[in-house]
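Heads up: the structure comes next, in structure tokens.
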Amino acid sequence: MFELGLQAIYSGVLTGGYYALVALGLALVFGTMRVINLAHGELVLLAAYVAYSAEVHLAISPIAAIPLSLVVVSLVAVLVYVLLSHITRDRELNSLILTYGLGIVLTNLMLLIWSADIRSTTATWFQEGAVLGDTLYSSRSEVIFFLVSLVLVAGLWFWLTRSWHGRAVRAVSSNRDAAMLMGVNPRTTEVLSFLVAGLLATFAGIALYTGKTIDPPLGHALTIKAFIITVLAGMGSIPGVLLGAMLIGITEALTISFVSTSLQDLAGMVLFLAVLLLRPQGLFGFGTRRG
Amino acid sequence: MQQRTIITIGFVVLFYGAVPAAFGSTDYVISSIVAALTIAGTAVAWALLGNLGGMVSFGHAAFFGVGAYVSALLTMNAGWPVFAAIIAGGAGASIASVAIMPALRLRGPYFALAVLAYAGIFRILATEMEGITRGAAGLLSIPRLPTILGFDLGTNIGSYYVILTIVLAAMAAYAWIRRSEIGFALLAMHETEDATRILGVPSTRLKAMMLVLSAFITGIVGAFNAHHISFLDPDYAFSGVWTVLPIVAAIFGGFRTVSGPFIGALAIYLLDQFVFKSLLPTGHQIILGAALGTMILLSPDGLVPLLGRGLGKKRHAAT
Amino acid sequence: MLRLENITVGFGGLTALANVTLEVGARELVGLVGPNGAGKTTLFNVISGLARPKAGTASFNSVNLLRKPVQARARIGIARTFQIPQPLHELTVRQNLIVAQTFGAGHRNARRIDEILDFIGLKRKAEENAADGLALSEHKALEVGKALATEPKLILLDEVLAGLETAGKRQFMQTLKRMHQEAGLAIIIIEHDIETILALCQRAVVLDFGKVIADQTPEEIFRNPAVMRSYTGATPGA
Amino acid sequence: MIAAMRGFAVLATCLVLALGQAKAEDFVLGSHLPLTGSLAQVGNGMHEGIQVAVDLFNRENQGHQVKLNTIDDESSPAKAVAAVERLASERVVALSGGYGSNIIGPASEAAAKAKLVYITSGGVGPELSQRGLEYFFRINNTEGYSKAVTGLIDDMGVKKVSIVYNNKEATTDLARTVEKTLSDAGIKVSSLAFDGGHADFKPLINKVKLQDHPDLILMSGYENDYIGILRAGNVLKPDIKAIVGVWSLATSEMNNKFNDLVQYVYGTSMLPYPAEFATPEAKLFAETYEKLYGKAPDYLGQFGYVQTRLLLQAVLRAENDGTLGKGGLADELRKTDEETLIGRVKFDKNGDNPEFAQRMGQHQGNKVVLVWPAKAATGKMVFPATPWSK
């Protein structure tokens, strides 16, 4: 019982790291532009597919494919931004619908390009076990990308709070007009946050490709997961994303271990709804979501 | 007003008379139109909540599925007559909508996604509650629509009349509410909620009413579909399709008008099935996504106002 | 009729209202004056339900107000206007009044709507879109019309005269007087203009930094040096 | 409203344009399969087999040519029904296809209404053949899969089995059938359901490892489930003697793409890999398949091919007897009794194939070796062995 629970928590923490990678980009764009990018999961998946193509056609490791994925995903992320910036009114809801449509387009483009077959890396190195103290089991991919996730969370947090660009991003998010008066160009910072979201999506995509299997409909599920975590975290809280992601990961793993695997998603969604209704500012955030 | 009445009558004659006369003999065209009307019914319900309630929902599949299951199970297990069960299906969806009411306090996007999670929970419950729903195996051979006065409603053409009536009734209800004080108050609430409440408008209660009504209509449509297709399983009953297509249809047609979702659903579904599908056998939904995006960017009010603008018709407030 | 006791409102570290106690009787016409930021609109928000006090009690005809949501206060007879007019979106002028009557008064009476339209001088514009078809003075008139349509016992007017030209102002004041006399309403009016207060009110309450610093007849108020200091100090040119 | 009318005029024009197309061919064979949506992968796989059968038939029978008309049902029952109705209106001779019991159910009822023979291998649930549909035929069933899996487990002589299964319809159905058979045979069985998808399987496998201590794990799922479970197993290394799966596992594709991962894993397979085709017909099938799609035929292609070939043969017989237009096709098909790529096929009164029995293959190096039943075996099973026991 104890061993089972311990492994569940360990697996949950590692899965949480991966979930955080998936959610960070969405949370960032949400924090800076008040836009929920419903095509974010598709960006993550796109990075994974680019890595797949690189592995098959160029025979390079998924890690080496990161720059290539980054270029492709960033281009698409900027394209999403350009389209979003053409929305004139009711931005909050219209952007939701626009990115929803873009998600459908991307999903089907991936279906056309890479077919419906299930893909995953053929490099077995990532799948070898990394055992901690003879009792805690994980794969190398999980451990690596858990660490990557920690580094990126710290980096992103540092960037947002310490660097000029990061502070500009935050200034725009809290008061666009005031930021303009201070000499910050909101468009530049918004593009910047989309580019950073693209970078985060790329790492999430590589984690996905080396650790799990991919097929075109997966993107939508990733977006939902990312959104759930963003809500748990609370508006604009970057460390909150990591904690929220781990909470979801651990809840799911414990549900599998002690209740039933079929109820795994149910546990996550109930948690999400409970937080949304009882503590709308999120577990680790401020601000409000009530109307 | 005169012109409006004439057009409405023309519409009804066209749909009750001309469409069946033209396509009645080709089963698959009628059955595609029935499928399109199923989407239209849900789209009208979605738009009612979106336009009047000011709430964008990403979870109408929940109401669709609950309506379908309630009605199917009542006919199969309790021997209810089909039409009574369909009404009960609508009522069941309404009751299910009560559970999501706390989310009405949430702002737009949060409400949208809370409902999405809520729909996901229903799918899982339907899979897990095997004792009642038969789980993933689903329900086969659900009773079809009955024969009334010698006319078999279980045929494609019979189903066509039933769903057409359901959709038109929903549109009539929508139009009626829109022109009532409740409709005025709801419309006003979008931009000026405080100013509306100050006048005594119980905004949350009105929104809740719209949610219940929207769920009711969606539940009825879902129940109809269960008896028309005669089959249900959790993935199908709570499929994201019942959320996506109505949204695309309502946005495409224009969810701020009563006829927009209807036009949008027929246009989108039939174009998709008969034109896009032959152009692009795999991944033709890409065109749907692109249409949705384009519409939001070019004409957020949809196709109907766009066509209306072409005729030089001026838009009046709340008409 | 309206009774506020020790009302305190704060936002973050800022105190908007401190221990405000105020009583307004039926058919009274009270002016509420004070410099910008003194807490006048906040006080209206407390009475109408848009702001929640941290402490204090409020009752209306012995009903505890603070337990009632915004819309319920309209139904027991409290109406207000907004400083920046807020015509109901997407509706015509007439529909604005219909909504106010249906939900605020709880019944429909088309003749009464026509009377109000007449009263506020918007009969000819009844079918215009309220949000974009009216001039400023007409918007202000519509604010009053909406409030009247709820058939209130107490009406809170937030700078309904500000920004109007002299002629418009005079006409409006006539309307207000008639309203007070004919309908038998209690009125609290926020107004900067001393002349207006002198001409309209039986009583004036002065707020400064969230506190009531005077509650006298208008004539007394404007002879009170403390009041004049705070008042003119904050609003140069007044 | 005027705008609405105008919208309809445009729509109606498009509709009319889209409808007027029907070509003169000897026969048109109808098919509906999920080419997009959640079942797209299997739908496409099966469609390839159907296409090969049509190509081969056209090559062999110069007199009669068959054209295949496939409609994507997008994994949706309503669209499958519409597809069947559309194909019926285009006067197809019969229907071959369908994937998923939940889609085949309503679609085959629509076919029955149009008096069209409907043959499939995409849904294995018992309820499909219990509906008394005169025009419904199916070459495989859950029973046949269960027989193979339980037969293999019986041969291994293990005492304790853990079943992990996807909570979808077909996988649940199979897991329960196997569980019952094994329990009746005195084997201790525990089973756990999971929600299919892309989850982390480690907590699940850890639960099996720590609580059940089985000799053997049986997976009833789909490709991505297998990959997830095997990877979790590879990390957790539960001490078991064998790991067995069902469909989509003992395939050439899995052997090529995930060779290390699937070593010594068992799955249902009709043919070994590399395929050793015994009959000239089978050789021809494999060559044609290779030529058309650039890969070796997998089990989906095999089933699609066999069902279509049997159907077309019956069509030809009925045509020669002059009964084709008079509803003779179903009777003709019911007379089928043939050795095929997937074993013997004949149909009972419900259109089910009681002869159907799967075979079990095991990944061994770069091959899939058939190990059960003994008469079909192409090699010996390596037992006990798992991918992580090497």
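Assorted remarks:
The chains carry the letters A, B, C and D, assigned in the order they are written, with residues numbered from 1 in each.
To be clear about the criterion, contacts are C-beta pairs under 8 Å (C-beta built on N, C-alpha and C of every residue); 3 or more make two chains touch, one makes a residue touch a chain.
What you see is a predicted model; the values in this text were computed from it and never measured.
Chains making contact with chain C as well as with chain D: B.
Greatest centre-to-centre distance from chain D is found for C, with centres as Cα means. Geometrically, the chain at the heart of the complex, using CA-atom means, is B.
Here the CA centre of chain B is 44 Å from the CA centre of chain C. Between chain A and chain D the centroid-to-centroid distance comes to 36 Å (mean Cα coordinates, whole Å). Averaging C-alpha coordinates per chain places the centre of chain A 50 Å away from that of chain C. Touching two or more other chains at once are residues 36, 38, 40, 167, 195 of chain D. Shared contact sites, meaning residues of chain B that touch two or more other chains, fall at 124, 127, 282-285. Two chains count as a pair here when they touch; such pairs are A-B, A-D, B-C, B-D.
Taken in their complex, chain D has these residues touching chain B: 1-8, 10-11, 14-15, 18-19, 35-36, 38, 40, 71-72, 76-79, 81-89, 102, 105-106, 109, 114, 125, 127, 131, 167-169, 172-173, 195.
Chain B meets chain D in the complex at residues 4, 7-8, 10-11, 14, 26-29, 31-32, 35, 38, 124, 127, 135-138, 140-141, 156, 225, 229-231, 233, 235-236, 239, 241, 253, 259, 262-263, 266-267, 270-271, 273-275, 277-278, 281-285, 303-308, 310-311, 313. Those residues of chain B that touch chain A in the complex are listed here as 56, 102-103, 105-110, 112-114, 116-118, 120-121, 124-125, 127-128, 193, 240, 244, 247-248, 251, 282-286, 288-293, 296-297, 300. Note for the complex: chain A touches chain B at residues 36, 83, 86-87, 89-90, 92-94, 96-98, 100-109, 111-112, 220, 224, 227-228, 231, 262-263, 265-266, 269-270, 272-273, 276-277, 280, 289-291.
Residues of chain D that touch chain A in their complex: 36-38, 40-41, 44, 167, 192-195, 197-200, 202-204, 206-207, 210-211, 223-224, 227-228, 231, 234-237, 257-258, 260-261.
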